[in-house]
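Pasting the structures here.
Two complexes are shown next, each including chain A; its partner changes from chain B in the first to chain C in the second.
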Partner chain A sequence: MNNPYGYINGRVRMMRVALVDARAMDDVTNTLNYQEFLRQISETPLREDLGEATAQGAGLGQLDEALSRNYLKAISHLRSIATGQPAREIEALLLRYDLQNVKTLVRGVQTGRSADDIVAGLIPAGTLPWSALQGAAQSADVASLAQTLSVAGGKIGQILRAAVSGGANSLLDLEVALDQGYYRAVLSGVRGTNVRRYFTREIDVRNLLIARQLRGAAPNVRYFIPGGRDVSEADFLRIAGGDNSVSAPDLGAVLEAPDLGSSEAIARRLLDEASRNVAMADALGPGVALDYLRRKEQEIARMRLIGRAKFYGLSKDELQRELEGA
Partner chain B sequence: MAGQISPTRSAMLASKASLKTAQSGADLLKRKRDALIGEFFALVKDALAAREELSGVSKGAYTSLFGAKAWDSPEAVESLSLAGSGDYAIDMQIDNLYGVKVPRIEIPERDTATTFSPINVGARTIQAATDFGGVMDGIVKVAATETKLRRIGEEIKKTSRRVNALEQVLIPGIQDDIRFIRSVLDQREREASFTLKKIKAKLEADAKKDKENMQAGNHGSAAD
Partner chain C sequence: MKNTAIQKAAKYAPALTVMTFAGSAFAQEVAATGADANAAGLKAIGAGLALGLGAVGTGLAQGPIGAAAAGVVAERPEKFGQMAIWFFIPETLVIFGFVGFFLLRG
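The block that comes next holds the complex of A and B.
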C-alpha cells in the first residue's frame, strides 16, 4: 500500500519551492526605502497577496494584513492537500493556532471585551471552525466558553473545559493550563518518532527560556512544561535559580547567551535546525509539513521585520542586528 | 468717566480711596504674578524632564513592539493586549497654589505580575508589555506636570491682564477723575475768591462813596 505522505510531501515540497529564496531575501533586505521594499517583494511569490499594501498611502497595517493573508493561505492550502490519518497528524501541527484563538477568546471573555473586539483578534487558522469561534466569542463567561468550545470539538476546547472544571479561574491559571495541555495534545496527536522528537526539543527549549526568564524571582515550577527530553522539572528549578548547566550540550548556548533576546535567537536557530532534521529524516511523515510551516513562519517574520525597518528608516546595520536575532 | 462724576469734595475723597485700593491691588497682583512665574519656571524643568523621560521610554517600547509584532505576529500581540483589564486608576488630589487649583497626581505602583502565561510568549513581547507600562506612567507624569503648568500659565495671563487693566485703565481713570474734581473745585474756589474780592471792592467803593458824600455834606453846611 502506498504511503499517503508520498503525494502530500511532494505537494509540500512544491510549496516550499514557492518560498522566498535567500537571494530574493537579500535583495529585499538591501532595498533603500519602504517603496523600494514594496517593489522588491512584488517580485517574489508573495505578490499575489499584497493587495492594498502597495497602494498609495498604505502603511505597515496593510503590509501586516497582506503577510498574514499569505501565511494563512499557505496553512489552508496545506490542510486541503491531506486527508485521512495524515490530515489528523497535520491538524496536530496546527493546534497552536487553536491555542492562540482559544487564548484570545479566554482573554476577551475574562476581561469583558465585546464580541467584535474578540473576533477581530482571532485568526482563521487551526482546526476549530470559524463559525464556532465566532459563536464562542459571544460567551458571557469562561465556563460557557469552555462548554461551547468543547461541543464544537477540538482538543484545546476540551483542555479549557478540563481546566475550568478543575477550578482554574484566573486568567493566568487558565492560560498556563492551556499551554501545558497544548503540548500534551500535540505529543499525543503525532505518531512519528521524528516529529515527536522535534516537539520534545521544542518543549526543552521553551522550558529553558521560561526558566531563564524566571531568574531573579522565587523559583516556581508552575510554568514547567512536562514532556521534554533533556530538561526535567529539577533542571528547570535549578536553571531558574541561576545555574547554567544542562545535560544536552547544544542547549547550553541558550543559557549562556548574554540576554533573553539572544537566548531566544539561539533557541529559534536550534528549532530551525531540528525542523530541518525532521524533514530529512521523516520523508514519509508529517515532518516535511512541520518544516514547511516553520520556514513559512520565519519567512513572514523576516518580511515583517524588514518592512518595519524600511518603514522607520533603520540603518542596514540595525536591520542586520535584528535579523541576526532570527 | 470724568464726565459722569459729580465734582464734589466727598467724591474726590472717595476717588482718592479708590485709587489707593487700586494701586495696592495692582501691587498685590504683581507680586502674585511674580510668585506664579517663579513656580512656572520651576515646573518647566520638571515638565521638560517628564517629556524627555516619556520620549525615552516610548522609543524603547516601540522598538520592543517592533520586534514583538515581527516575531510573535501582530495577531498574537493584539490577542495579548486583551489580557489587560484596561483599567488604570490614579490617585489625584487638588492643590491650591496662590489661589490656582492644580492637580497633584500620584503615579500608582505598577503591578509587575503578568496576567498572561509567559510559556508561548516571546521575550520581545513581554519586554514590550513591560515597556508600555512605563510609557503609561510617563504619560501620567507628563499629564500631571503639563496640566499644572497650563493652569499656572493661564493664571499668569489672567493676572497680567488684571494688572494691565488696573494700571492702564482703572488707575489712570481714577487719576483723571481726581484731576477733574480738583480742577473744578479749584475753579470754584477761584470764582468764589473773585466774587468775594468783587464784593469786597464794591463794599469798599460804596463805603468810600458814602464817606465822600458825608464829607461833601459837612462842607456845604459850613458854607451856608
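The block that comes next holds the complex of A and C.
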C-alpha cells in the first residue's frame, strides 16, 4: 500500500524541473561565441557548478570539469534519496554508466591511448569509484584492465573478467559480452513492468544496431543479446544477412537509415521516446528516475557539444547537425 | 508475508475501532423499545459508518499524496503552500462523512 516511490519520484520530478529547459538550451545554442556561451549558461541552473570555467582565460578543460561536477552532484543526489529496494533498482539503472565507462576503458586500452585521454572520456557517474576507473585507465592490456575492475568491485568489472577469461579478444566480442552481462544484471535488478518493457525495447534496438554492424561478415548468433521483445534470434540473423524487415514498424527506421551513424541517432530518439513514456506510465516506479538520468545525460552531452562548437567557432548549421546526432 | 498482513491490519485497526464503538455508543443513548429502538440503532450504525469510512478514505488518499508532497517540498520548500492544498483536498471526504453523521444524528 505504501509505495516508497511516491516520495522518491516527487523529489526526482523536482530535480527534472531544475534541468536546463528547451528555451534556455536554444538561447545557449544561438550564442555567437564562447564568451557569450559562458555568460548564457551562467543564467541556467548549471551556474552553481561552473566555478573556474567562467574565469578569464579558462578553456574547455575547465568547462568539462564543471559539467562533470554538476553531473556527479546530480547522480549522488539521486542515490542519496533512495533506500531499500528502490535504492537497489536505482543502482541497477546506474550500471548503464559503468557499462559505458568500461567500454570506453576497453576501447582506450586496446587502441593504446594515454590514461589522461581515456579518463577524459569517462562519465563521472555509475557505481564504480572514480579512483578505480582512473587506476584502470593505466592498465597495459585488457586482461589487466579486467583484473583491476573486478578487484574494484561492481558487476560490469566481473562481466568483463568473465568475458576475457572466456576468450573474447576483439572489441566487438568484448562489447557484446559486456552488453549481454549488463542487460542480464539490469533485468534481474529491476522489478517494475514498465521499466522492464523499456529495457526490452533497448535490447531490441541494440540487437538491430549489432546486426547492422555485422552485415558483410558471417552472421553469428553469439552476438545476439537475449531479453528483447520484437527482435528474435532468427530476426537477428536475418537482419545481419541483409534483410530490412522487422515486426515492430517503428524499429524499421533503424535499419533503413543510410549509415550506422544515422541509425544510432534514430535509435537514441526511439529510446528517448520510450523513456518519456515509461516516466509517464510508471508514476510509482523507477521509470521517473530512468527518464531523469537520460535527460541529465543529454543535457550534459549537449552542453559539452555546444561548448566545443562555440570554442572552435563552428557554424550554426554544423552545430545543429551535431546536436541532431547527439 | 505474515508480518506484512499484520502490519496492514494494524494500520486499519484504529479506524475500525472508531467505527465499531461510535455505532454502539450512540446506540446506547437511544432509550426506546421495539421498532423505534431498531431504527435508532441502525441510524447510529449508519452515522458511525459515514464518519468512519470517510476517515478511512481520506487516510488512503492522503498517504500517497503526502509522500509525494513531502518529496516535492524537500527539493523545493517554496512549493509548500501548493502541496498543502493538494494534501488537504481529500479532507472533503471526511467532511462529507461528518455531514452524513450529523444528518443521521439529527
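The definition used in the following text is that the second predicted complex is superposed on the first by the 246 of 326 C-alpha atoms of A that agree within 3 Å, B and C clash if a C-alpha of one lies under 4 Å from a C-alpha of the other, contacts with A are read in each partner's own complex, and residues count from 1 in each chain.
Going forward, a contact is a pair of C-beta atoms (placed from the backbone, for glycine too) under 8 Å apart; a residue touches a chain by one contact, two chains touch by 3 or more.
None of the values given here were measured: they were computed from a predicted structure.
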**Request:** Pick one for A:R113: touches chain B only (first), chain C only (second), both, or neither.
**Result:** first
**Request:** For A:G154, select first, second, both or neither according to whether it touches chain B, chain C, the two together, or no partner.
**Result:** neither
**Request:** Pick one for A:G285: touches chain B only (first), chain C only (second), both, or neither.
**Result:** neither
**Request:** Look at A:M14 in the shared chain and tell me whether it touches chain B only, chain C only, both, or neither; answer first, second, both or neither.
**Result:** second
**Request:** Using the superposition on chain A described above, determine whether A:Y312 touches chain B (first), chain C (second), both, or neither.
**Result:** first
**Request:** Could you look at A:G6 and tell me whether it touches chain B, chain C, both or neither (first, second, both, neither)?
**Result:** second
**Request:** Have a look and say if chain B or chain C is in touch with more residues of chain A.
**Result:** B
**In the complex with chain C, residue positions of chain A that touch it** = 1-4, 6-15, 17-18, 81, 284
**Prompt:** Which part of chain A faces chain B closely enough to touch in the complex?
**Reply:** 64, 68, 96, 99-100, 103-104, 107-108, 111, 113, 117-118, 120-121, 123, 171-172, 175-176, 178-180, 182, 206, 209-210, 213, 223, 225, 260-261, 263-264, 300-302, 304-305, 308, 312, 322, 325
**Item:** Partner chain A, residues of chain B touching it in the complex
**Value:** 66-67, 69-71, 73-76, 78-80, 82-86, 114-120, 122-124, 126-127
**Message:** Looking at the complex, which residues from chain C come into contact with chain A?
**Reply:** 8, 11, 63-64, 67-72, 74-76, 79
